[in-house]
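Across the two complexes that follow, chain A remains constant while its partner is chain B and subsequently chain C.
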Partner chain A sequence: MPIKKRGTGLTAVADAWQLADIDVTASYPIRPYTAVMAEVAKRIANGQMKCEMVHGEGEHAQFSIAHGASMAGARATTGSSGVGVTYAFETYSPIAGGRCPIQALIGDRTLDPPGDFGSEHTDCLTLRDNGWIYGWAENAQEALDNSLLCFRIGEDPEIMLPQIVAMDGYFVTHISQDYVMPDQAQVDKFLPPFKPEFRLDVNKPVIMGPQIEPEMGPPLEWDRNVVMERVKELIPKATAEFNKIFGAKYAPFVDEYMTDDADMVFLLQGAHAVTCRSAIKYLREAGYKVGMCRLRWIRPFPDAALQQILPKFKVVGVIDTNTSYGAAGGGGVLLVETRASVSEVANKPIIQGFTSGLGGETITHEEFFKMADMMKQTLDAGKIIQSSTWVNFNDYDKAAIEVKAAWEQAAPSTK
Partner chain B sequence: MAVAEMIKSIAQAPEKEYYLPGHRTCAGCGPALAYRLIAKASGKNTIFIGPTGCMYVANTSYACGPWAVPWTHAQITNGGAVASGIEVAFKQLIKKGKIKDEFPNIIVMAGDGGAIDIGLQAASSMMYRGHDVLFLMYDNESYANTGIQVSPMTPYGATTMFTPSGPEIPEAKKFFPKDPMAIFCSGGHPEVKYGATASISYPVDLMNKVRKGLAVEGPAFLHVQCPCPKGWTYPADRTVELGKLAVETGMWFLYEIEDGVKKWNYMPKKLKPVEEYLQTQGRFSHLQPEHVAKMQAWVNQRTQLLGMEVPLPPAQ
Partner chain C sequence: MTLAVAIDANMREITVWTRGVTLAKEARDVATLMAKAGGVEGLYVQSFDNYVDLPDRINVACKSYARLSPEPIETYYEYENYHPDVVVVTEETMVKGHNILEGCKPGTVVVINTARDPQKLLKYISPKEKLANVKAIATIDANALGMNVMLTFDGTEGAGDDTTIGAGVGAAIAGAVAKATGYAKLESLLKVAENKDAVKLGWDKVTVLAL
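After this line comes the complex of A and B, so read on.
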């Protein structure tokens, strides 16, 4: 029987890893992802999980250990946060290129400087060009579910790619919440055992990762490109099957909220969707016809889904909880990807960018109201007023202008 | 391999090869010779991990490789970590009954850079954690794959692309090399129960050390000197001869440390002057008498430090 539990995104993923009967995991401490390893260590010590935990000497080693374990045929996991994610950078492409479907849990965290523990999506987004499958979970339940879904998609013999279960640090990794742990029979029905066609086997010797000549590289890269396209096809199928077996209601790519009659929407990913929904209720009462689109995946990017969905609206406000200094349009990664997705669509909406929720700050109701107000001005003007806006820094809404004027009056020397 | 069966002579060495012809190593390549002997000694139930280096690039060109056993690439940084993952995976999968394999011989074939320089962290941690892996360092005393650049194992006074000799730096490389046996096999890594130095010029000794390293439970370390005609600048037919000359002049030593006890495997009656070794190689051709004297003083000091009691040449 499924069990009702109270826990965090980290204990929820530990539950998923237990249900998936992982063989090897590799740890190294860094906040905020660390508690998943503490949880797994406890379960190994008390016999609840049959798994070998290797204490890596750093994140580079963690991912390398999981890579080696996967080549030997094990279902292997690891995880990290912040600068730990970037310390392991060398290993991401070899793991994906070697078609080793390991799974990493990333509880995101601001990159240094300034040594901020808070959630920010930048660390994990730096991996987006390496060929890993990933998306952000909104809460503990989705973290657990994404873990199982990722194993299923990544280990598919036609795919064989590593995956990241990403989640907002603290908001999802640490806030205690209710979720349901499915039972083993459900999981066994959904997730077959990991049996790779090729592994390190002395009775069937293979050579893995050989050096090649320049003309032999592009076909391998083409294959990695093709397989990512195949992931886009598999996601709806696997999600539908997941929903059926576990009684869930996930949209394959984009979770929509109050979009039926909306003329403008917030587009974002991860835990800030929770506050966003609540802010939308107030905004609706105030007469704003606003909704929300939450991305379930960042790789592969749900471009086809957005091409279907976004033309329904007049203005899209993309909220980036990440930095991509000097990016096209002045915003973050999601703004660039969203604009590119619909660039060739005839009746595309006006897309403007907001940078908010950096450094682990909550995006407050007031900030959502401000963004809605700025989107409304865009709607009324029928054109972009400002390509992208860092909320609380260069807002152009009326309330913000008034606050700024008051501040300048109080401190004239800063003019 | 539970118990090491020792090889008594080269005539009794196994005939079966697991490192086969069909690669692009240079004529006279020391590391290729090492690979052949090591693969012969370890046999069929072996998995090699090859961090980036000559033995990756020159062996696996064109997406194939000369091994008759499984081989995988690792980054130059992480041979020890990838091997750790492979080892725990086999242990766990066998324990859970998910595979029926016999636990294999797992050998990391790392160059000096992949073992003691950029790969040091992963190697050290693998040994600290006690993984049942033979970490083998084939030492050709430079980053040879990229065209001969200095590594921590490059001898004092050798020229490389990054250490040319010139009026401001007449001796070329200024530092003396690291001592990997001191790092891995002198108590600093308590799980390492067996460590040894070896040379391609003493093939029976090398093969037996591979077998001993594989027979011990837990990590083992082998430091194998492999002369490199291209990097050291000498004619390709002198590789084996130079390996012997290194031992006869104290530029290389053959010993093993088993459970903390050191044993000499070969001790010359007396050391030949180091100059006899230096003059065979182009990389030392610029050295002045004061540099040769400095090298001799280092050899003499090191010989005494290691406890080799043989007559030494004068150091001046």
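After this line comes the complex of A and C, so read on.
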């Protein structure tokens, strides 16, 4: 029987790892990731889980341990946060290139400087060119479900790629909430045991991770490119199967909210979708025809889905909870990717960027209201007013304009 | 733009001030117990630790929070209780040097774990301009409730509590908070706390000074 539980995104993923009967997990503490390793250690000690737990001397070691375990045929997991994610950077491409489908849990944390525990997606987004499959969960339930879905997709014999279950630090990792831990029989039906075709085995020797000649490189890279395209095809199938077995209602790529008659939408990923939905309710009452598109995956990027969905709207406000200094358009990663996705679509909407929730700040209702106001101005103008706006810094909503005018009146510019 | 909407207008917020490690678990228990008791009474509830504090550093100031609302909580992903209705101080010296009344609403109740006269503690409480919002100060000498009301230690960091909830001083303080505020019935608290004697003692021995 599925069990109703109250816990966090971290305990939920520990549940997923227990249900997936992982063989090896590699740990190293860093907030907010820490609790999942504490939770798994506890379950091993209690006899709830049978799993080899190896404590690395740092994140690079941690990911390398999981890499090695996977080469030996183990279903292996690990995870980290913030600067821990970037400390392990060297390992990501070899793991994906070696087609080792390990799973990492990343609870976002702001990169230094300065030290900040809050969630910012930049840490995890720095990995986007390394060939890992990943997307953000908005709550504990989705964290659990994404973990199972990721194992299923990543370990598919036609795929064999590592995955990241990404979630906002604190919001999803630390705020306790209700979720359902599925039944073991459901999981066994959905997720077959991990049986890789090739593994390190003294009786059947193979070479993994060899040094190669330059001309041997391109075919390997082509292969990695092709397989990522294959992931795009598998995601809808695996999601449909997941929904059927677990009674869930996940959209394969883009979770739409109140978009049927919307002329403008927020486009975002992760935990802030929760407040966004609540804010939309108030905005609708105030007459704004606004909705939300939440990305379930960042790699592979849901470009085909967005090409279908976005032309329905007139204005899209992309909310980036990450930084990509100097990026095209002045916003973050999502703005660049969203614009690129629909750049060749004839009736594409006006796409503007917002940078908000940095440092792990909650994007408040008031900030969503401000963004809606700015999107409405774009809608009325019929053209972009400001390519990207850092909320609370260079806003141009009515209140901000009034404040600027008052400043100007009080102390006229001497230029 | 500011829409004139009151979000979570009927939500009540309880902020529990404490010291890292030595009393962190007890403070978390006060928040957890109040939230669970509210849950028993059919309210929408939430309890959480302040994420920005450093509760694994011995004796640093840190906070735990509880929220109770008759409607689903909309500001679910927030870091703090920005507008507390109840401020609990689990260690008396914390009244000095911390702006425990920051953001408090009119009608706030302050509950302090102390053997001292609340009138004497009053002069330390800050910010001073918020004192007008305080309706009452309640005191409970939870540390003196006997051998069966002990301190418990545990860190969670986003996972569940390993130890039972409300085994020690926190249970007594929760009893005092419930009585001083009327936010939970004694029976509801007794249902969710491990140490029922401590809850009863806290409920019985709290003294409330109306301001």
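Note that in this section the second predicted complex is superposed on the first by the 402 of 415 C-alpha atoms of A that agree within 3 Å, B and C clash if a C-alpha of one lies under 4 Å from a C-alpha of the other, contacts with A are read in each partner's own complex, and residues count from 1 in each chain.
The rule is simple: a residue touches a chain if its C-beta (ideal position, glycine included) is under 8 Å from a C-beta of that chain, and two chains touch if they have at least 3 such contacts.
Quick caveat, the model's predicted, so the values are computed rather than measured.
Engineer: Where does A:A304 make contact in the superposed view: on chain B (first), on chain C (second), on both, or on neither?
Structural biologist: After superposing on A, A:A304 lies clear of both chain B and chain C.
Engineer: Answer with first, second, both or neither: which of chain B and chain C does A:V24 touch in the superposed model?
Structural biologist: A:V24 sits against chain B, while chain C stays out of touch.
Engineer: Between chain B (first) and chain C (second), which, if any, makes contact with A:A240: first, second, both or neither?
Structural biologist: Neither: A:A240 stays clear of chain B and chain C.
Engineer: Is A:A69 touching the first partner chain B, the second partner chain C, both, or neither of them?
Structural biologist: In the superposition, A:A69 contacts chain B only.
Engineer: Give one of first, second, both or neither to describe whether A:A45 is in contact with chain B, with chain C, with both, or with none.
Structural biologist: Touch partners of A:A45: none, neither chain B nor chain C.
Engineer: Quick one: is A:E213 in contact with chain B, with chain C, with both, or with neither? Answer first, second, both or neither.
Structural biologist: first
Engineer: In the overlaid three-chain picture, which partner chain does A:V345 touch, first (chain B) or second (chain C), both, or neither?
Structural biologist: A:V345 contacts neither chain B nor chain C.
Engineer: Let me test your reading of the model: by the given contact rule, A:P205 touches which partner, first (chain B), second (chain C), both or neither?
Structural biologist: A:P205 sits against chain B, while chain C stays out of touch.
Engineer: Show which residues of chain A both chain B and chain C reach, each in its own complex.
Structural biologist: none
Engineer: Under the touch definition given earlier, write down the residues of chain A that touch chain C in their complex.
Structural biologist: Those in contact with chain C are residues 7-11, 14, 31-32, 34-36, 38-39, 42, 107, 117-118, 170-171, 173-177, 271-272, 274-275, 278, 282-283, 285-286, 362, 364-366, 369-370, 372-373, 397-399.
Engineer: Note which residues of chain B are touching chain A in the complex, please.
Structural biologist: Touching chain A: residues 44-47, 49, 56-57, 59-65, 67-75, 77-78, 81-93, 95-96, 98-99, 101, 104, 121-122, 124-125, 129 of chain B.
Engineer: If we count contacts the way the header does, which residues on chain C are in touch with chain A in the complex?
Structural biologist: Residue positions touching the partner: 1-3, 5, 7, 46-49, 51-52, 74-79, 156-160, 162.
Engineer: Can you list the chain A residues touching chain B in their complex?
Structural biologist: 23-24, 26, 50-52, 54-58, 60-61, 64-74, 76, 90-91, 94, 193, 200-203, 205-213, 216
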